[in-house]
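In the two complexes that follow, chain A is the common piece, with chain B as its partner first and chain C second.
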Partner chain A sequence: MKAFTYKSAASEADAVAALGPGAVALAGGTSLLNLMKERVIEPSVVVNLKSVAGLDKIEAAGDGWKIGAGVTIAALLENPQVVKGYPALAEALETVGTPQIRNMATLGGNLCAKTPCLYFSHDGFACLKRGNGNSCPAKDGDNEFSAIFGTVMPCVSVHASSASPALIALGARLRVAGSGGARELPVEEFFVLSKDDPARENVLKQGEIVTHVILGKPAGKSATYVALHKASHDWPTALASAALDMGEGDLVRTARICLGGVAPIPWRVQAAEAALAGKKVTPETASAAADAAMAGAAPLSQNAYKVKVAHTALKRAVLLAARGSWK
Partner chain B sequence: MPYKWPEKRQVIGTKVPRLDGALKVAGKAKYSYDRNLPGLLHGKILRSTVAHGKIVTLDLAPAEAMPGVKAAMSIKKVGDIVRFGGDEVAALAAETEEQARDAIRAIKVAYESLPPLASEEAGLERNPPPPPQTTEKGLKIEEAFAKATVTSEGFYGVAVITHVCLETHGLVADWKADDDLVVYCSTQAVGNTRNSLKNHGPFKAIANLKVTCETPFMGGGFGSKFSADLQGTVAAELARKAKRPVKLMLERDEEHWAGGNRPSLFAKVKAGADKDGKLVALDVESYGTGGNSTGVDMRLPYIYLPEGHRIRNRDVNVNAFNKRAFRAPGSPQACAVMDQMMDDLAHAGGWDPVEFRLKNLPGQGNPLVNLSPIWEKELKMGAEAIGWKQGYHKRGDPAAGPIKRGLGCAINTWGGGPGGAQASCTIAPDGSVEVRCGTQDLGTGTTTLVPIVAAEILGLEIKDIQGKIGSSAYPDAGGSGGSTSCGGVSLAVGVACMKALEQIFAKAAPALDAQPGDLEAEGGKVYVKAAPAKSLSWKQACALLGAQAITAVGDKADKEIQGMAASGVGGAQFVDVSVDVETGQVRVNKVVAVADCGLVMNRLLCESQVYGGVVQGLSLALFEERRLDPRSALMLNPDMEWYKLAGHSDLGEIEVHLLDYPERGVIGIGEPPVIPTQAALANAVTNAVGVRVGVLPITPKRVLDALAKK
Partner chain C sequence: MKKEKQPARRPSAKAPKGVSRRGFFQAMGLAGAAATTLAQGGCGSSGGGVDPALQQGVGPDAIDVALKVNGRDVKVKVEPRVTLLDALRDHLKLGSTEPVDLTGSKRVCDRGSCGACTMIVDGRTVYSCTVLAVEAQGRQIRTVEGLSEGGKLHPVQEEFVACDGLMCGFCTPGFVMSAVSCLERTPGATADQIRKCLDGNICRCGTQPRALEAVVKAGARMKGRR
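On to the complex of A and B.
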């Protein structure tokens, strides 16, 4: 690891001021410290956010909740209102890492974590996302775990966040603080798929930090289905989060569906949402929605199987949300 | 007088918890990693970042000038070829680990890239291609197939896996004097580790060099830790240069690159059976890699012997580290090929897989014929325990929905005869007993075994025995490999104690007004067999020694040993899985393992070996695979994140049945239980989903790709 200066920020303003060029923000550290040890990231300054007052709070806000970015995954899962009000989020968080990781990792860190790509953190390869190469070594290499959507983009990594698809499906917003003050934006708009800057997966600028996740009124039905290879401590093969706003006669008024583990950013699938609108949720309509979503998939040489897995995850998430069981 | 195990046993075969278990769980057991000697330096190795290349620049001077660096050395020189990603190039030692890491990065090194072989398939296609090695036995292959009424064809294989020892390879080297080296090495062979250092080129010339290897505890070897290894000799050289102790333990990625791996094996198989369900013909075209210059450990045909067979194997080189022995070398791969084949052939003929195996157990002419009654018993026990009658169905679970359940089985064999070992037993006039043996505890429970044997022979309790192992200063014993330690150590310790007891009896006999041959030691007493009331307490008997302790030496090679150990075990395993055909995920419901190991020495740790074998077997069956980048041959998953290992939640229920054959004597159990799990699981998956996945590990990709081809 490259030697660095360590600063503990007492406040948001403190943190923002300390996050100058060459500085990175440290939350739970479960991802960042590994990348620093591997020298994927070599910051000159590390700014500790865990010391920022208030970032570890879960507060009621209007009809919903304002969750500090420093709240750990474990703390969120221990909060009965969050678990009950937003099943899609809880079900996504349950599969993150291990108990030890969930005790350290934060919600903000989950949103901002770097890709678990085989090549990104490997010293032996030049990689677009890492910023030391002109092409994506996964594209023609070992891409069994790579993206199946957005693969026309220069980088075919998958996004690390399991929480983000749920937050997008739930229509959550983020509060971001920077030197110019704070702003709010939908989680969906936080992520960017950039052809020109594959190193980037979100809109954060130097000196900006995510401070809060804002969840609206718990409404409708939501669920996440995570397809894993190992039963625990594994990156999802694919996951899907669905939030359904139900109208009369058990018909879906609107649906919001987002996939994870399948693209460089969380992948909202509006085709699937449209396919469900006005329909009753049945295995057939859920499967048809998944068909609509997968029409946009463009798998690589070794990961066609992920289309089937993502299809399954989407279908089951919708069924789980609507009926409490996918079986 | 011949040496035999006592007919009536008090300690042997009981359930004795690990004597060092509490130390281990409390973190008080000192492993090599924990040897933080005064003045310790930290060693690191510079490793190649290309899998195949020629070193064109190598300059240590910038590193030597870095803060804290006390010694540096090259391992290869300019012009040398590196043959795998992670090949050793140079090394240094510094005051702190961080300084050593930084200094390694300061070494100036450059490579001229050479084209790498990055996969078995690439290795097969190289020009000229590797020549096939052919073995043919029995009937000519065409004649054998002419007898077949049913044939099946399949492609089966297992990927290269790495050992992933939890405690990585390495040692701490401490020169007590110019000719006195002590190493604390994570090794499964303290004697051979000492020898490898004594014979190391730069040390050979040191007159009267004394080397001692101390390994009271070690964290896993699985066949990959039989010598000081390159990192060990490097640490000793650095320590000698710096005149300070040096610790050099591999980091996790180094452990994957250069700590050891098991060869792959892929086989295109055609097999035939006659109308009675007898295997008559087997034709195999296989290939696999043992690294950049070694081959697979070919053990086909495994167990079942058709009337005619032909094995054509190609050993393929890739630019990766060479293989090491791995728990039952060659056998899990051979079993994965043979027992998947047997399942497919049974399916083709419409025979029940268990019945088909029973019918084809080794008969006359097969060297394993004597194990057939054991397998027969095991297959029947295992089938009963897994619920074969109720749970087995024709290939493809007819149940509705995406979760399909299936059962599978496989059988295994291994040698496990006693390895070379000597031991000493010292009895002091105060009655204390110390037993020394230069073996080591690979994690299999040898630390606990030694007092079990001594207590049994001397008629004492385990707490009365001081067992000393894990040092090359003790009487020589072989490495813990081939499942040979339990047999060899039990014999050496047993005979040493029997000989020492003879001396005690000689002293006690006059006091009891008897002949030495009339005496027995049991329950802490020495007494006259025919008149048990005539007795001395153990302490009283030992007090008769006078001022001098006695020491007796036992040797496994003693000609007087009769029937105390044997070789050759059979085992059978059954696996019950559920497979999600829409995600490709396999869940293990239950594993039944029936294992035989002759005379059971410690029932608890013997069972523990079988559990461990099954756990490792499941991990290999479902998750473990070394991934090389298809262009550069660099390993892509030298970690525990993408080199996937089973966790507790992946294992399901494991049920172990030990068969007792005390009349056969001690036979090792360390390796055999890992052999059949992969094949049994693969067969269960096929039974569930209706198609053969064939290649392990059975990942979601392999399951879904196989189903897509259906």
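On to the complex of A and C.
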């Protein structure tokens, strides 16, 4: 990897000040260092965020929780409040990487990680997203693991984050700090389909960092179903997170459903949510919701199978959420 | 990785050590003082104040990095881009007063995937190829060399020998570290729990069943000892 200047930020303000042009933020490093070794990213300054005071805390906030962006995946999975209160999040995190990766990788890093697309993340390919090519090689190349939604976009990579669909289903918010102070936004507004700038997948500007994830009231009736290509060491083929707000008579008042691994950003499927509203959750209604979600799919030459996988993941996530129990 | 300015490969003087099974276990047995403390903080936890020099910025040229490895304080002079793995394998001798060659952890994929470089940092297994040496300052680092005490192998190491839990042996140090961490964190771990702990380590020879058997047996022994 290219040589760089290393800075350890002591505070948010410190981190924001250090993240000037050519600088990148380092959290768990499990994605960033690989991309630097492959020379996909060649920063002149690396700013360590793990040293920022307070970013590794899980704190009670109102009737929910405020989770520092530097909290590791392993620490979240060992926190009974998170595991019991937000099954969708815990189930999404359980399959992230390997034990070592879960010990290193952070929640903030998961949200901000670059795509695992093999064209993007390896040296030797001309790639629009990477900025060394003017088209997306996956469109007409090996796209077995690429997007099935939003494929009219210039880049058909899938978003890396397993946690984000769950956070979107749970209606979580993010706190972002920058030179102009801090702001909060819903997780789903964090991700952007940047048609003009395929290099980015979220709203973070240079010098901005995610500092916290804010979860509202625990949502026991939530679940994530992860369809894995391999038992470990891999990104999901597709995953679905669902959170159900149940009304009287076991009818769904509102549902929030989001897919992962199927689009350049976490893909909320409002058609599926609408299909479930006012219904009892049964295998039939869950399947109908999945049908509604998949109506918008536009797979590529090699990944039509992912439509079926995502359909099944969505259906199972809804059924698991309705059951409302962790394991 | 590209050629320029890469850390020098192992000096030829090290070659005779080789990676034969016997030499490998001898190397494991010759380790120095074992770490006796097991910090419970997560890898992401910050250890209080930040060194003003690091806050200001260091590098890209080589800097002094102080590490605590297997209970011993060592110094290396490395660029900030050098990983913990490479620092301990290739640079340790240069900066420390006493030569301590920690080549037990292996550099295989160098992409945080295979597990051969697994070390225990602040009580948690990590891929040391994906941790910068400069980030590891102030942390308790344990490598496979620190497991034996007074020349006696750790029960996990002994059971790997007894169960023939390896073929080429290159993945073994990583497996051993994952297993040790697993049994320390979960005394009496079941075979299923152990299998999950070893998820982040790959054996391309295909000796996983024997490795699992070794760790299950070591777990039973360690539990009996408590």
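Miscellaneous remarks
Keep this in mind: the second predicted complex is superposed on the first by the 321 of 327 C-alpha atoms of A that agree within 3 Å, B and C clash if a C-alpha of one lies under 4 Å from a C-alpha of the other, contacts with A are read in each partner's own complex, and residues count from 1 in each chain.
Here, contacts are C-beta pairs under 8 Å (C-beta built on N, C-alpha and C of every residue); 3 or more make two chains touch, one makes a residue touch a chain.
Computed from a prediction, not measured in an experiment: that's the story for all the values here.
In the superposed model, A:R253 makes contact with neither chain B nor chain C.
Of the two partner chains, neither chain B nor chain C is touched by A:K280.
Of the two partner chains, chain B is the only one touched by A:Y119; chain C is not. Judged by the touch definition given at the top, the superposed model places A:V45 against chain C, while chain B stays out of reach.
Touch criterion met: A:G141 reaches chain B, while chain C stays clear of it.
Contact with both chain B and chain C is seen for A:S232 once the two complexes are overlaid on the shared chain. After superposition on the shared chain, chain A has more residues touched by C, the comparison being chain B against chain C.
Using the contact criterion defined above for the overlaid structures, shared-chain residue A:V309 touches chain B, although it does not reach chain C. Looking at chain A, you'll find residues 1, 231-233 touch chain B in one structure and chain C in the other. Note for the complex: chain C touches chain A at residues 1-2, 5, 42-46, 49-51, 54-61, 79-81, 83, 110-113, 115, 118, 124-127, 130-132, 134-135, 178, 196-197, 199-200, 202. Across the complex, chain A meets chain B through its residues 1, 116, 118-119, 122-125, 137, 140-142, 144-145, 227-235, 237, 302-305, 308-309, 311-313, 327. Residues 1-10, 14, 18, 26-30, 33-34, 36-37, 39, 45-46, 48, 50-53, 55-56, 70-72, 74-75, 97-101, 103-104, 106, 231-233 of chain A touch chain C in their complex. Of all residues in chain B, only 49-50, 85, 98, 101, 401-402, 580, 582-585, 587, 622-623, 627, 629-632, 634, 636-637, 641-642, 644, 646-647, 649-650, 699-701, 704-705, 708 touch chain A in the complex they form.
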